[in-house]
Amino acid sequence: MAVLLTLTLLLPLAGGIINACFGNRLPRPVPVIIACGSVIASFLACLGALPGAGGEGLRVTLFSWMSSGTFQADIGLLFDPLAAIMTLMVTGVASLIHLYAAGYMEEDPDQTRFFALLNLFVFAMLTIVLADNLLLMFLGWEGVGFCSYGLIGFWYRQSENAEAGRKAFIVTRIGDLFFTVGLLWLFKLFGTIGIEAINGRATELDPLTVTLVALLLLGGACGKSAQLPLMTWLPDAMAGPTPVSALIHAATMVTAGVYLLCRMFPLVSLSPLALGAIALIGVLTALYAATCALGQREIKRVLAYSTMSQVGYMFLAVGVGSVSAAMFHLLTHAFFKALLFMAAGCVINLAGHENDIYLMGGMRRRSQTVFWLFLAGLVCLAGAPLTGGFFSKDMILAAAYAKGSPFYLTIYGLGVATAALTSFYSFKLGYLVFAGDYRGEELPHELPGLMTWPLVPLAVLGLFGGLLNLPHLFGGHSWLSAWLVRQGDVLDLPVAVEYRLTGLAIAVFVLGWLLAHLRYYRFKARESGVLSEFLLAGWRFDGLYRRLLIRPFNGFGRFCWQGLEEGLVNGLLDGMAATFVSWGQSLRLLANGRISSYLQGFIWGLLIIVGWFLLRAVA
Amino acid sequence: MTADIGTSLPLLSLLLWLPVAGAGLCFVSYRSAQLARWVALLTALLVLLLSLGCLLCPAGPDGWMLLTDRPWIEAFGIRYSLGMDGISLLLVILTAFLQLVAVLISWDQEKYPALLFGLLLLLEAGIIGVFLALDLVLFYLLWELMLIPTFFLIGIWGYRRRVYAAVKFFLFTLSGSLCMLLAIISLYLVHGEQTGSYTFALEALKQTQLGFGQEMLFYLCFMAAFAVKIPLFPFHSWLPDAHTEAPVAGSIDLAGLLLKTGVYGMIRFAFPLFPRAAEQSLPVLAVLALFGIFYAAWIAYLQTDIKRIVAYSSISHLGFVVLGLVAWGQTAWEGSLLLMVNHGVTTGALFIAIAFIQKRTGTRELPKLGGLWKSQPNLSAFFLLFSLASLGLPGLANFAGEILVLIGTFGSHPLWAVIAVGGVLFSAVYTLRMVQGTIWGPSCEPFDRQDLGRREWLVLIPLAVLVVLLGCYPQPLLDPLQLPVSLLLHSGGLP
Amino acid sequence: MIATVVFYFLGALAIIATLLAILQKNPVHAVIYLVNSFFALALLFYLLGAPLVAAWEVIIYAGAIMVLFLFIIMMLEVSPTSGPSRLAPTWLQWLPILLLAVALAACTLLLTGLDPASTGAVARWHATPRDFGYALFKEYALAIEIVSFQLLFAAVGAFYVGRPERKNKQEDGQ
Amino acid sequence: MIVPIEHLLVISTILFVLGLACVIVRRSLIMILIGAEIMLNAVGLTLVGAAAFWQRIDAQIMVIFLMAMTSAEVSISLAMVVYLQRRKNSIDVRAFDEMRG
Amino acid sequence: MSPAALQSLLPQLILVFGATLILLAGAWLPGRRLWLYSGALLAVLAALCAALLTPALTEVGGLYGTSLYARFCTVVWSLLVAATLLLSRRYADLHRFGGGEYTALLLFAGTGMSLLSAATSLIGLFLGLEAFTLVLYILIAFNRNDNRGAEAGLKYLVFGAVATGFLAFGIALIYTATGSFHIVEALGGLQSGGTLRPLGMAGWAMLLVAIGFKISLVPFHLWTPDVYQGAPAPVTALLSTAAKGAVLAAFLPLLNVMGSGAAEVKLVISLLAIITMLVGTFAALPQTNLKRMLAYSSIVHMGYLLISLLVGGADGGKALLFYLIVYSFATFGAFAVVTSLASEQHELQDYDELRGLGYQCPRRAMALAAFLFSLAGIPPLAGFFAKFGLFRAALVHGYTGLAIIGIFASLVSVYYYLRPIIVLFAQEEQATLTANCGARGEYLLLAGCCAAVLMLGIYPEPLLDLVAAVLP
């Protein structure tokens, strides 16, 4: 069991390293086979290890990473239900995406780099998931950051792509600062960085400390999961290849923040204030992203904002105390959003590498398969009744409602509004892409088989993902909550209330759909206007940050460099040197070559000496 | 002190004198580049093997693995006194390794190769000696011995403004160390007056009773030398010029080794000799270190010469090292020392990669570089790896040291640690800018389209392996540090 | 008493003659004045009980050295019209140096005047040639030797420097 | 008793300083050398006075050495003058300021 | 003169009679090398005599001592003269020096120096000093094809004559005060009531001017660069080492025999030391001529040496002698390099002419660099321990301020020592270099100086012990 678990982690690493070091020397399909094979093998190993995850879970310590003084960090794995379900999802989705990528990247000359990074990403993500201490988790945390950086900028020859990668890395790293400080603080408080130990002893802390630590962790999570106010990197990250968007920026990495909060939930839950903050950030991000998604023109950016929005829901779930709801939504979202991205990749391919939804239309006629797959994803996203997305989102909203306080009711209200918006932009996307006639000029590209059939399992999972945690109302047994030992998350609301809530959810879905249908079924024209520009630019946060942060940063840097460094420090030194030399130059004038003036030096010297002696003698 | 364990094989003296002998051979064989090359390589290799051999020596209860103590200049009370504990050991191994790399990297040097190799070996002797010396004058002598070779390395084989840089380096470091010399002699006099025995031995001088003002004065004089070498803000202004203008071997030595001697001097000499003054100075040091971290990072962010970026990054990283020392705790000190070693490897590797880039493209200016991955994927990959290590990516070299420093610092001074964490972000900012402009983006046309040659692989692979290994499994380096660090921490009388 | 008067007279004479000497434009005139001064000095020496030194002063200084000077002046044909007048300093150039010299002399004299010994009198005293010769050749025999070698090598040097340039450097042997 | 030693010192100091002034101000090499002679003569006077003051012969002996030394010096000096005159065709010291700085 | 006195003066006698013989023989046999070599041999012989022979008398003729200290000085100056003779071989060939005269004059200069540092009487001091000064007038102007040599000779002559006047006047004043020429009595009698007598002050003032000229202290230093620049390089080598060293060595006992009155003089000397160190250092900064730079450097070094004079006693003496010897090795070596680079037309002095020489003549350039680094006091070269010993002595005896100024000066001085090194190595090669390939004797000397500078930098103990043993 332990070996299988270790293999789960190390297989992608091995694949990545082999591809990174030797990929270029191997014949063409071999790197791809290694990459896909290692991830699939990892998935299988995970399946094999799954029985060990129940109950107390499985622990493996590979070796001591570093120990110094009282500080001790091991390379140790913790395979408990939460980790297990996440591992399964990560390896599973990653396997499918790898296969898809094999088709997608078939002609790219640089595919070994791509697959090496992708494998490394899976390894890093699994490290986050399986780490038994915060430092190891941080290793994975930064590792996914780097892989994301490398993959966003994969097509490095356009500077914008590489810029986007850099932006992603740096913005998430701002969040990581909070994580780091949290880690340092936790070590100081507990003398250990073991996740279980910290969670177990969290109650020893006073409320203020807990709140602060939890907020620090929230900061870390915000960065990685693109939540307000660190969300600006995600839309730009769409510059990367589509499988990357599917895997990293939809299914796995962006949910790492949620996973972190779930991981540390025993600690975080001790602070109502922190929970409230999490919920608030979640819902605000959800709403913000949904509005932005309305205004986007590129298909992947729409999906990116929708991802942000959905991750906001997951935060909301954590904030209202329902880990299983968060994980539930995380899973279903992973399935349908991966599906959506990959289907979007197909669409883009079909449209001849055109990204703009206003230049698409009529795609249904180009490929029925893609249409149905995409539609499956869309209805999940929009929260169509009985789809996976419906159940998970509903569970979150219900949990928020159940909290009952005005604050949470407001949040609930915002959540519902977001749901309506979601439904609206989902169908807007669907209509613009698939309905009507083709508006672009590019010729369609061939779709390799590898790019369609891995989508099928995802579509199935997305549509029927609700079964994972089917509520009692629909005859389910809330299996996921039980597995996570979070029975408390299963709400015990009056049936009437539940019906009301479900009804409302269905109503907003239908409302959104209807509006979208009315407006976009027949394409009119590209929207323009202040509002849509505003939304397109993501509420102009980029500009704001540039003005508030980047410009002062540059300005201060320039001051340090040219003002302090060159001007003050070097200027002072060079000035001193110049002064010395100029003294020397003036002393040179004394040595003018004339004997008589040299002799005058004698006399002056003598006069001074005699005068001095005279003074001494008189005194 | 324990008895002279190293009598059977005078390992320490060999470590010190072998490079000197090699240097002499190189100078003598100045007509034959080939001979000088091989002499240098063999000497460097032998020194590395010897230093690794020291690993086998067990450490005594007082932390010393090897000691040598002989009278040298009795007229002044100077002894030839060398000692190796875990700290010295690590740094000596690092020196031997980097110097071997420096020799390899200079293999093709066509301009006066014999002189270059001789100077490299001489420099190695100086640096190793600094890490071993236990007599203050011997220490000072070796400390200054580093000057001349470095001066020539920069001045002869450097780039355009090499003369300016070399002179600036020389004057800066010399002015610091002359202050130290003054303090050394004064301390010796005070000790001699108190005890009647005039000696420069470190252990004896630690017992000197000093008035606080006096102690502070001496301490400041010592710190003048060390602060310049480290370099702490505002004594750093020699470093960017020296690093930028130096040839690659010189840059490796400067960044990888010379800067470390300053920190080593602090922990081996300045702190134990003047514990009370050191204690008083900690906040100031912390402020300087923290300021330096950000200041240098900020400047690095705006540079266009990639070598200059790395140079400023060194200042920033050394700020972390000093911060760890200031935190005054086991973990923090071990972290600092580890970071020193790791930074040596990483930065050395970066400089090498940059040299290779410059060899191919003929420029180090960001605006002229770009898209290197297209024609030089292997080189770019190495460059990327070293850059990532430099920005503190977990699992690579620098992170291990940085996190220990931060953990140690947070334990005693949370605020400092929190501020320092910001430095990690800054390092990402400027490093990624450098990577961005060099290997990504539209490609420039390199003059030499050849990717790595065999010798270049030979140099880069061990560095890359080390960078990963030190990040993933730094424990072998931490173990030997434990005892000496705790001894140093607790001997000073500080909490 | 007479001796005292003579002393002051001779002292004044020496000073005046010297002053005139250094102010002369024509070096020949200067040498003549200087010879005057040396004669006054020689008499002073005699007065102070050093007849032998007085004699040598006349013979060596006034006689040999000054004649040598004259000889060189003649040889180099430093004519009073071209050379010396061009070479003679103006009053303006004299002034600062004279001030300096006066200050220097004043300081030195003030200083020496503070010494308790300076009020001590120079008594009438006479060193016989016998005493002199005894001291010179007995006590200071070694010094005499040194001086003689010095004169030898000075002569060699003077010869080396002063000899005219040879056109044909045959001595460049080996 | 003739005079206090002080007065003798006055005369010799004045002579000495006159010689010095001559050396500094004059530009003719010959006059400079003459100035040096004046200085040495002043010393001679001091020494003879001191000999009389202490009633010892040593100082007088010293004067002899001084004279010998002077004559040696003068011989070399004048040879140099001739040599320089021949090289530069001038005995103006201002002509000899080729090296400076 | 008694046989005992002759025996006691044997080294000086060898030198002076050797000089005379060579002078006479040189007139008959105009062989240049022969006389240079035999002169060198004689000088070595004299040194050997001084080193090995225990003299029969403690004082000869009431003028010169025969203490270990005096003999040690004799050894050093004689060896330096021998080295100068060896060094001059090729140079003398190039410039057609009269071999006999040159050798004889140098040997006589050696005699003068050894007498000077052995003087126990002011007369002896005067005679010794004048003996070699007179000879140096000629030697400086010895190159008869060189206007600069003539100018240098003239300058040294005029200043020398004036300085002689000051020296004699000083001696006369001191004699007036104490009635004795013997150093111990004359200088010992200068104090009354714990302070220096005014007449003593006046005498010392004159002495200081004279000595200040000889060892070129500021403000009596202005002749130095001109003379160094104009003199033939081998002569400059002697001028900057032995000529100065002999004066300093004679100066040391003068201060030591003074009792409490020394304090007044020391105050003035410390003032001179300060301005010498500072002015010399700053004036050297903009120099672009190697010999002029070395001249200023020697001025600065004399400033340092004044500190050791101030310290006085055994400590100061040790520091002084050790420093002096180390300085002599380095300076002599530097001028030896200049000599070996000289061609028939001119010496390579300007930095511009030296550009890139490090690659044409690597050995000599490296040697020059070593000498300059040693002068700068950079370890592991001998100059470091010299300065170390000196500043240590200064600090031990409470001259902290002077030590700090000295350290500051040596810091700044690094800049001007580095300049020629940069020119030699770090700048682009010049297309047309006129450097000579040098002669074997020159290389031998350079190797010797280099070895000394290196060895003394690593293991100065033997010399330190020797110096300590030599001092009374």
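Lettered A, B, C, D and E in written order, each chain numbered from 1.
To be clear about the criterion, a contact is a pair of C-beta atoms (placed from the backbone, for glycine too) under 8 Å apart; a residue touches a chain by one contact, two chains touch by 3 or more.
Source: prediction; values computed, not measured.
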**OP:** Kindly list the shared contact partners of subunit B and subunit D, in label order.
**Re:** A, E
**OP:** Please identify each chain that touches subunit A as well as subunit C.
**Re:** D, E
**OP:** By the contact definition above, name the pair with the higher C-beta contact count: A-D or C-E.
**Re:** C-E
Original post:
Taking each chain's centre as the mean of its CA atoms, how far is subunit A from subunit B in angstrom?
Top reply: 37
Subject >> Centroid distance [mean C-alpha coordinates] between subunit E and subunit D, Å >> reply: 26
Original post:
How many angstrom lie between the CA centroids of subunit C and subunit D, rounded to a whole number?
Top reply: 5
Original post:
Taking each chain's centre as its mean C-alpha position, how far apart are subunit B and subunit E in Å?
Top reply: 42
Original post:
Which residues belonging to subunit B are in contact with no fewer than two other chains?
Top reply: none
Original post:
Among the residues of subunit E, which are close enough to touch at least two other chains?
Top reply: 123, 127, 130, 134, 137-138, 141, 144, 153-155, 158, 162, 173, 176, 198, 201-202, 205, 225-226, 287, 415
Original post:
Which residues belonging to subunit D are in contact with no fewer than two other chains?
Top reply: 5, 9, 16, 19-20, 23-25, 27, 32-33, 49, 53, 58, 61, 65, 69, 72-73, 76, 80, 83, 93, 96-101
**OP:** Could you please write down every pair of chains that are in touch?
**Re:** A-B, A-C, A-D, A-E, B-E, C-D, C-E, D-E
Subject >> subunit B contact footprint on subunit E (complex, rising order) >> reply: 318, 358-359, 362-363, 366, 373, 378-380, 384-385, 388-389, 391-392, 395-396, 403-404, 407, 410-411, 414-415, 418, 421-422, 425-427, 459-461, 464-465, 468
Original post:
Okay, in this complex, where on subunit D does subunit A touch?
Top reply: 20, 23-25, 27, 32, 93-94, 96-101
Original post:
Can you name the residues of subunit B that touch subunit A in the complex?
Top reply: 168, 234, 237, 295, 298-299, 301-303, 329-331, 334-335, 371, 373-374, 377, 381, 388, 393-395, 400, 403-404, 406-408, 410-411, 414, 417-418, 421-422, 424-425, 428-429, 432-433, 436, 439-443, 472-475, 478, 481-482
**OP:** Could you please specify the touching residues of subunit E with respect to subunit D in the complex?
**Re:** 123, 126-127, 130, 134, 137-138, 141, 144, 147-148, 150-155, 157-158, 160-162, 164-165, 168-169, 171-173, 175-176, 179-181, 225-226, 229-230, 287, 289, 292
**OP:** State the interface residues of subunit A toward subunit C in the complex, per the touch definition above.
**Re:** 600, 603-604, 606-607, 610-611, 613-614, 617-618
